[in-house]
Amino acid sequence: MNEKKRVLIWNEYRHEQINEKVKAIYPKGIHHAIGEGLGSELEIGYATLEEVEHGLSEERLNETDVLIWWGHKAHREVMDEIVERVYKRVLAGMGLIVLHSGHFSKIFKKLMGTTCNLKWREADEKERLWVVAPGHPIVEGIGEYIELEQEEMYGESFEIPTPDELIFVSWFEGGEVFRSGCTYQRGQGKIFYFRPGHETYPTYYNDQIRAVIRNTVHWAAPTTRPAPSFGNRKPLEKLKSQQEV
Amino acid sequence: MNEKKRVLIWNEYRHEQINEKVKAIYPKGIHHAIGEGLGSELEIGYATLEEVEHGLSEERLNETDVLIWWGHKAHREVMDEIVERVYKRVLAGMGLIVLHSGHFSKIFKKLMGTTCNLKWREADEKERLWVVAPGHPIVEGIGEYIELEQEEMYGESFEIPTPDELIFVSWFEGGEVFRSGCTYQRGQGKIFYFRPGHETYPTYYNDQIRAVIRNTVHWAAPTTRPAPSFGNRKPLEKLKSQQEV
Amino acid sequence: MNEKKRVLIWNEYRHEQINEKVKAIYPKGIHHAIGEGLGSELEIGYATLEEVEHGLSEERLNETDVLIWWGHKAHREVMDEIVERVYKRVLAGMGLIVLHSGHFSKIFKKLMGTTCNLKWREADEKERLWVVAPGHPIVEGIGEYIELEQEEMYGESFEIPTPDELIFVSWFEGGEVFRSGCTYQRGQGKIFYFRPGHETYPTYYNDQIRAVIRNTVHWAAPTTRPAPSFGNRKPLEKLKSQQEV
Amino acid sequence: MNEKKRVLIWNEYRHEQINEKVKAIYPKGIHHAIGEGLGSELEIGYATLEEVEHGLSEERLNETDVLIWWGHKAHREVMDEIVERVYKRVLAGMGLIVLHSGHFSKIFKKLMGTTCNLKWREADEKERLWVVAPGHPIVEGIGEYIELEQEEMYGESFEIPTPDELIFVSWFEGGEVFRSGCTYQRGQGKIFYFRPGHETYPTYYNDQIRAVIRNTVHWAAPTTRPAPSFGNRKPLEKLKSQQEV
């Protein structure tokens, strides 16, 4: 329990290299801004699309307690084989935090079983994330809402399965709402989808957004217990059909 | 509302043709036994694996309100293209009832986002399905439990997402329990997984099992409303950024 | 199934008698405006606070499939004995639709187990109720959202248990969101809390609001099945402790 | 985070004083057996029915992170005023673990909003608690099931609200099942109902039962954040109605 939890922050890392505006906000990449917000209690690593196996080797994943995922314009370039690998690790207990446009990542869609489609708009508008699960560990230290002066809008319908727990609901200046913080359990793994974080805004420097991600790492870390077993099984109790023989 | 709901019962239809024991129980196939149990209030059709496009043409699915799925040994033979087609229809509102070993069908695994693995045993043992959602329309007319003298055992862990609603929990003679009746919403579609129905037992002639399936057809039929829309949207309210211009 | 469902609309019926503005909008009382919106497929009755036993005699409740509740300024005047009676009927299967300020009614708080407290503001502002459960029968015929030009604001935190199903989320002009349509199961009874309907606005004449209430009556009507039984029970299977004797 | 969580174990403490069999198993009372199982990482206190204010003074509750409740034959003797006090503390964030026959305690029924009735039998029979939420922190270190050679049977229907999370389902030798581990959120408080623990069996000496209770204390401890606020509120955004003036 006292060992540091191991977080791996995965970033597509494209916008920051080709878009001056994004580069100015996140000169070392979104992944580093997120990592710097996690504080010193966690062991933090980074991986990006361009690395061999996208930086997600079998070994690396096996040494990861919680994987954070940011992707947007290159979802298709993520190899199916790696998606399958991440999928198995999640079912085996690794936590997964999917950020913003990661809603359309292969791994999230595969785990959800839906299109994860939504409405969107880039118009520098205000977002206010209201807490609707007031005692949840993910909102430790968070007030009634988080206000972001400028963000991209994501609006309902959001084609996801009903969340196991709904933590945040966003209000947008333009008239929409969105289920912005959603937890899911898949196998032994815990998943959190967290909406904010468009690349053209400094969202990942916001203290409360950082606190939510940090809290979520603690929440999503694996529960240590024997893996469930499947397949053909002998009865635990004597059956009548056996007794009669 | 007064029009007959259109049910399509899909069966792999293999065991009944090659296994004498199964053929003796279900001479016309499991699909016909299910269909005969649905009564006259519904419009019933049938489709099987061997048909062109597995009997699941675009047209046929578009004319289907609720699809019932029974498969076991030939899950792999179901073409991915047809799975994709059924998937889209479910998201668009078609109900889906997945029976027994259909837990391992491509369509169910795709919609769930998990392996749907479980424990199993064929030992002619007693199953008792207890109702744990006492006011749900799926259990209309059903007593506190349904008892089946002989069934295959399915036991936990059952690697599924947490059900939106848990309707039945099974007790098995050999010492296991199982979440036997689970509802899910995916897109506009309603899904029910219902455990009983191993091919070597006359389960689909049981009046209460038939009542549950019949009730579920009514529950799972599409809700008529405009399809949700997705993508880029103009604001519904005037934005400050616009006003300033 | 073909018999008409019996709806009883209960209204405190005070504002309409003492406030000219409300009287002008609802001259026959809010209950009648709601009733007129339910159409001819239902059998509709009315009851108000001033009647003997608040119009909620044992007999009357026993003949009711779904009870609709509107109250605001006289929650305390509702007798505990009658609340207990309604409570038992809900657990036994009667549907309950709690409207707007009914969130603070004795019956709703008793069934929820929380304070049901919230934020509020009367400022003639716009409300937009977004559908977040796209396939639910409660939203049959309803588009992506319902817009109300003027309504009272109710804002989060709303101190309720996590809804079994969240159907609507409201956006308010003033910056808040609210879980506006929430289902709960209690015993065999189905409950729906539906936010809109402040007495100074003509909300219950809105076609879509009426459609939601009408849909909900169908959804909340009792499921017919034997009442669950409780207490001391003999084993259904032979116990080892018995066999050894 | 590093401070010890403060647990208060409340026991009715009657059976142990008047029943020789129970006294032999729990000579210092059930509360002490539970406390000894919690280990040294927690700060543990005790309170019983006979104490002034049942040992649950305002001060004491304010210094409690998680309250554990065991009661059976004297539920009625618990004063309503104290129940109200515990209720408010739970809504304000104190965790509550309700054990076994505590299902009929005033505090549990008040928080649930239902009768919490069930079936029961004392027949020295086997219980097997199956884990159905494989990644939940409450089952840290727990295998696929916990087996108890002899326990009282509790069977469905269990008249509770649908649990927010279902953690355990019990199999009983006599043929019943039961939702044995259920979480609920009420206000800012987290609640866990955990079935086992009849006074005539040494259940609270079982290592796995103790581990579950210990895990639950960590899970149920309060989330630190500002209390939600309620009541009349000014708009966070400028309203059209205001702008026009």
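So that you can tell them apart, the chains are marked A, B, C and D in the order they are listed, and the count of residues begins at 1 in each.
We adopt the following convention: a residue touches a chain if its C-beta (ideal position, glycine included) is under 8 Å from a C-beta of that chain, and two chains touch if they have at least 3 such contacts.
All values derive from a computational prediction rather than experimental measurement.
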{"item": "Same-interface partner of A-C, chosen from the options C-D, A-B or B-D, over half of the pairs matching", "value": "B-D"}
{"item": "Subunit C against subunit B, contact positions shared by both copies (same if over half, else different)", "value": "same"}
{"item": "Turn needed to bring subunit A onto subunit B - CA fit, degrees, nearest 5", "value": "180"}
{"item": "Between subunit A and subunit B, centroid-to-centroid distance (C-alpha), Å", "value": "30"}
{"item": "Whole-Å gap between the CA centroids of subunit A and subunit D", "value": "31"}
{"item": "Distance between chain centroids, defined by C-alpha means - subunit B, subunit D (Å)", "value": "36"}
{"item": "Sequence positions of subunit D contacting 2 or more other chains", "value": "128, 133-134, 144, 155, 157, 162, 164-165, 173, 175-176, 185, 187, 228-229, 236-237"}
{"item": "Of subunit A, residues touching subunit D in the complex", "value": "93, 128, 133-137, 139-144, 164-165, 173, 185, 187-190, 222-226, 228-229, 236-237"}
{"item": "Complex interface listing, subunit D residues touching subunit C", "value": "91, 110-115, 117-121, 123-126, 153, 155, 157, 159, 161-162, 164, 173-176, 184-187, 228-237, 239-242"}
{"item": "Subunit A contact footprint on subunit C (complex, rising order)", "value": "128, 130-134, 144, 155-158, 162, 165-166, 169-172, 175-177, 179"}
